[in-house]
Amino acid sequence: MWEDILIAILGALVVFAVLILLQYIIEAIHAFAGRNDKKQQKETAAAAPVQYNADEDAIQEVELEDEEELVAVIAAAIAASLNVSAYDLNIKSIKRVPPYTPVWNKMGRQQQLMNRL
Amino acid sequence: MWEDILIAILGALVVFAVLILLQYIIEAIHAFAGRNDKKQQKETAAAAPVQYNADEDAIQEVELEDEEELVAVIAAAIAASLNVSAYDLNIKSIKRVPPYTPVWNKMGRQQQLMNRL
Amino acid sequence: MWEDILIAILGALVVFAVLILLQYIIEAIHAFAGRNDKKQQKETAAAAPVQYNADEDAIQEVELEDEEELVAVIAAAIAASLNVSAYDLNIKSIKRVPPYTPVWNKMGRQQQLMNRL
Amino acid sequence: MGDMFAKLLQQTGLLQLTWQQVLMMVIAGVLIYLAIEKKYEPLLLLPISFGMLLANLPAAGLMNPPGDGHIGGLLWYLYQGVELDIYPPLIFLGVGAMTDFGPLIANPKSILLGAAAQFGVFATFIGALLFGFTAQQSASIGIIGGADGPTAIYLASKLAPELLGAIAIAAYSYMALVPIIQPPIMKALTTKEERGVVMEQLRPVTKTERILFPIIVTIVGSLLLPSAAPLLGMLMLGNLFRESLVVDRLSKTAQNELNNIVVIFLGVTVGATASADNFLTSQTLFIIALGLVAFAVSTACGVLLGKIMYKLSGGKVNPLIGSAGVSAVPMAARVSQVVGQQENPGNFLLMHAMGPNVAGVIGTVVAAGVFLAIFG
Amino acid sequence: MGDMFAKLLQQTGLLQLTWQQVLMMVIAGVLIYLAIEKKYEPLLLLPISFGMLLANLPAAGLMNPPGDGHIGGLLWYLYQGVELDIYPPLIFLGVGAMTDFGPLIANPKSILLGAAAQFGVFATFIGALLFGFTAQQSASIGIIGGADGPTAIYLASKLAPELLGAIAIAAYSYMALVPIIQPPIMKALTTKEERGVVMEQLRPVTKTERILFPIIVTIVGSLLLPSAAPLLGMLMLGNLFRESLVVDRLSKTAQNELNNIVVIFLGVTVGATASADNFLTSQTLFIIALGLVAFAVSTACGVLLGKIMYKLSGGKVNPLIGSAGVSAVPMAARVSQVVGQQENPGNFLLMHAMGPNVAGVIGTVVAAGVFLAIFG
Amino acid sequence: MGDMFAKLLQQTGLLQLTWQQVLMMVIAGVLIYLAIEKKYEPLLLLPISFGMLLANLPAAGLMNPPGDGHIGGLLWYLYQGVELDIYPPLIFLGVGAMTDFGPLIANPKSILLGAAAQFGVFATFIGALLFGFTAQQSASIGIIGGADGPTAIYLASKLAPELLGAIAIAAYSYMALVPIIQPPIMKALTTKEERGVVMEQLRPVTKTERILFPIIVTIVGSLLLPSAAPLLGMLMLGNLFRESLVVDRLSKTAQNELNNIVVIFLGVTVGATASADNFLTSQTLFIIALGLVAFAVSTACGVLLGKIMYKLSGGKVNPLIGSAGVSAVPMAARVSQVVGQQENPGNFLLMHAMGPNVAGVIGTVVAAGVFLAIFG
């Protein structure tokens, strides 16, 4: 039992020791790298307020990832641009464009490929 | 051979017996739980027609499953179609449409199912 | 060593032989199947210019595969909200929002995290 | 150099190629054509037929087990998920997450139609025995009549792995042919009046019912037929993911990526069991013929029970929904809808047919459980 | 036929069903209710409780190992990822890709709060020994106080697999209960003045810092505690995926599909270890009680170190952020935020609490590493 | 307590840390830097270099095989997919689903350029033998010249697993460096006039051609070189998924989630084979040097065959597309485009270079098949 209490104390000490060491390491990283990219920092600082405060402009930066519900969104977007209700719009099909696509398009797709191979 | 025919008959009987039992169980579940959430039921009943009949208002309920960034896009699309800024638009909730959906919708979804089974 | 050089030469020859064979096979496939779907071909040829030249109509064919095709959708949405054609709009870059995001955003993201841990 | 060239030539598959393998490749090519051009269940038939092609390439050894210090072939490793009965339950997890049992819960009597449509399974079991198949093989062939791919693969891989390829191909082909096989049978067995019956709208189903259903079916079904537990349990777990509404991430992954990955591996390796010596036997022809019988009998029995329910209900049940009991979700239900509309364009049977349709999935799992209990 | 019927009946689970198994199913049902209705960490609690249900179905044998020419049960195969310690590090890969260590890097002192909140782990270790658990079991129970599910499962599967089910259920249940357990302790230990402290805004963190952090923490942490390397390494690899900004595809897959697949398999099979004879013991009750103690002590120690930092910093540190050191990311940090706002509605502690919160993940991994070094 | 502390200290990696391991970590750090800052094929180089880091942490034992009642290390289990040759074909499944073979089908002669660009493979094979490598090792080193990561890993894991880490790192590094390595060679070997050639537009390719191509290439290629069947078969199955247009779900999963999961596991564990004693040898330096030679010779031979085709076609073929035969899809094709535009800004060679580019993938698989047939 006594030994077990020692283990517990030792364990807690080790946890503290390791995490204090990590604290100093983080501070060392900061000393070494915290100022490196000040320029990037400033850009960010400049960009961020624009992004979240802007209220006169439309959204310019939209973080998007994927999904098929987009059909709805596309419908809405097209409807909007045509100034009609999405309910008057009948999307007959969202065709998969066959693979005979022009160069610029291929280039983009192939660029992806490179990153995947 | 005789034994095999017995097996076949027995098998068919067991299938029937188990499925009849399930029928009673479903009825028992209904007796126990079919009325529990009447309130929820009514809400749904109220919400559904709005969703598919409305043609004067913008889309209010969009079925979403994940990719929540779409909220931003939808906001933009609705904003655009209403000719207001996305910042004046307050999307209170993007409700998940409960699974009691009309036939045409089910059909589409089931179509997918077929291709997956 | 001599044998190894032989192997190398043989290897290169086999690669050439197999790929030349493939060349003839591709030509044979073409002879057999290159004319089969002329009709489909023409359709494609007809559809393609529309898609990339049209500037009075809305987008009729939207190629969606995942991720990046969304650029088009975003363009459409922005264009709509700005009341300009998507073709006059030049999206220079869709920036990934850097991870220094404000509290409300973090909160949402962290909320997700909780549900995942 | 000539020496080495000879060595290379020996290593090619050319000298070992048999006409049987060539024939298998032709068959694989035909199946690929059906999958792509005719869209016969392409999600499984395309991988299956390509797997068949790969397995019949001489000397490639893609299905070789490891041994003698050599590692095994790629497809042999991927096949372990079939061999160890892991893939079919995982597919059922996704199927459960895609399936709406609401129409069945709203109309519990329709589960009987899902039971009736298993008669073809047992009739074909007898038929296969008459053709000289063993009891295990006959059970695996009979289950084709259930029109449920993963269940057929599960049972065949347990009871008759030597027939796995033929059974899987027959099952998925006939599932794709449901719109051709069923309508004549349905029309032959029903009157114009019966086909015109418009059914009452289904009652709404509460969320609590939807959540209790998968839990209780798992417990009761697995208690009665423990051998059906892996399939039934995963089917119902997937459905619980779906209906709980709190684990969307898991439900979506079960339906999509996990499902797709398993479908690729399952399809290719099930196809790869169809090597020439396994497949080019008279047995395969019998299996294909018996599979058609199984489908037809199941369809007929479903419709016949539908007629009985029509009588007993005083004309409230349209017997056309009975044929949907063969599962082949949701194709068979859509066939009911289409045949019904031919009689009465304003008649919407789809939702009513979905009840027997999903019941048919459970019914086939139960039938498989019975066979496993007896022969497993 | 009666004969065969008897055979079938013997094969059902009905005759073997024990009251203990029934009780286990009831418990599983309650957990499913909590997961769905109360939204108690449903992503893991729902699969865990369904796994519990499946494992207590008599005769289904889903957890049977292979042997005697029989293949194993479905869940036995899926369980190998737990048994071989593969799943928890893979989950940590996803967690790392989801975690923003920025607040910790911006305020490195907050890592101490993540250390203090591990006291509950060691206190409970002692407590469990007093209740008669072995040292290995006690360590596994203590780690519940770390409020870190994958780490608890990792340690328990190594040191005390017989308790795995109970420990996992306790860990995830208490993680869900953090908003109920923590506030009273936090309020009891702090003064109104302390709770009202508004902290200074965090400094920005550069991309270089964000990238060096996971690399260096991996090296230093794994050098000091090699047994923590799998968890720490994968956590930091995931984070490097995230912060590098060049491998979005991998980061996204690690966070989503891979994570979801592993969560399903991990959850169901961890739940499946809770068979009646493993779970229905007095030990389980002790584990549940000790888990609560662990959480409470960890919370208290975090807050107390917060108070010390409040003093030493001359009132700049709000001690409420100390409780976030238990991890349960980001629930515990949100609790700090909420309790702080009750005192001062304009006070935003969330980002300050995220530092201790993510430090708590590292702290628990280190604590697990210590136990593994001693007892592993 | 001191006792226990000593025990803990012994268990740390500190006392066992060698300077070689420190050096390896530094190298891993440099590679991480190149992957993130220079974007050198980060999708593979980042996992590879982090795996290198993990494998050189003393005492962590992440690559330990199981034994003595101990389970194996995390990375050892994940490595089995490399060891058993499962991952590279699965990656090729995704590559096939991403690859458009249209430009090759439209201009079948360009396949010869993909053949010519394999000369570097065989030249380097000889070179490596001269440096004292075994035949198996030399073949694995030579294949770096194919500029095809998965094929290089596949061959090396079969013929020379001890060099796997170095070969993978060299292959992916040079693939990233294609835009730097190739242009000087291309310019040195061509005249201004040749570089200015504008090529005729490619003919359209029918859907039937696109579907027959993967099927027939699989059959013919695997018959001639059965050892290439796993790679070729999966590449073509993926492409068939893509071109069939009926199994989008499978195509998408093969390209995305399945690919990403395999890339993570493959990358980390291939990197983990680069332990200090495997990697810090003069052999590694030779491999890096020979890899560069392989790339350069392949590029040069591609361009030289391009010049021959320029002559034979009466000036219709731009020899710059020859360098794209090294694969490194689509980087090398883009290099052809860029170098061509420097001469004539209105010249679009990209689509013409895609033919040799994708032919280069097939060429390298064939070359690997030859080596496996002789040495496997």
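Letters A, B, C, D, E and F mark the chains in the order given here, with residues in each chain numbered from 1 onward.
As a convention for this text, a contact is a pair of C-beta atoms (placed from the backbone, for glycine too) under 8 Å apart; a residue touches a chain by one contact, two chains touch by 3 or more.
Worth saying up front: this structure is predicted, and the values here are computed from it rather than measured.
By residue number, the contact pairs of C-F overlap by more than half with those of exactly one pair in B-E, A-E or A-F, and this pair is A-E.
The interface carrying the most C-beta pairs in contact is the one between chains B-D. Mean C-alpha positions place chain B and chain C at a centre distance of 33 Å.
A straight line joining the Cα centres of chain A and chain D is 41 Å long.
Centre-to-centre, using mean CA coordinates, chain B is 46 Å away from chain F. For chain B, the set of residues that touch two or more other chains comprises 7, 9-10, 14, 65-66, 73, 76-77, 79-81, 86, 115-116. Multi-chain contact residues of chain E (touching two or more other chains): 4, 8, 42-43, 204-205, 224-225, 245, 249, 252, 257, 263, 370, 374. Contact residues of chain F toward chain A in the complex are 1, 4-5, 8, 41-43, 94-95, 98-100, 102, 148-150, 175, 204-205, 207, 210, 243, 245, 248, 255, 259, 328-331, 333-334, 348, 350-351, 354. Listing the residues of chain C that touch chain D in their complex gives 3, 6-7, 9-10, 14, 115-116.
Note for the complex: chain A touches chain F at residues 3, 6-7, 9-10, 14, 96, 98-100, 103, 106-107, 109-117. Those residues of chain C that touch chain F in the shared complex are 1, 4-5, 7-12, 14-16, 18-27, 29-30, 32-38, 40-41, 44-45, 65-66.
Interface of chain E with chain A (complex): residues 104-105, 108-109, 111-112, 114-115, 118-119, 121-123, 125-126, 129, 135, 138, 204-209, 212-213, 216-217, 220-221, 224-225, 249, 252, 359, 362-363, 366-367, 370-371, 374.
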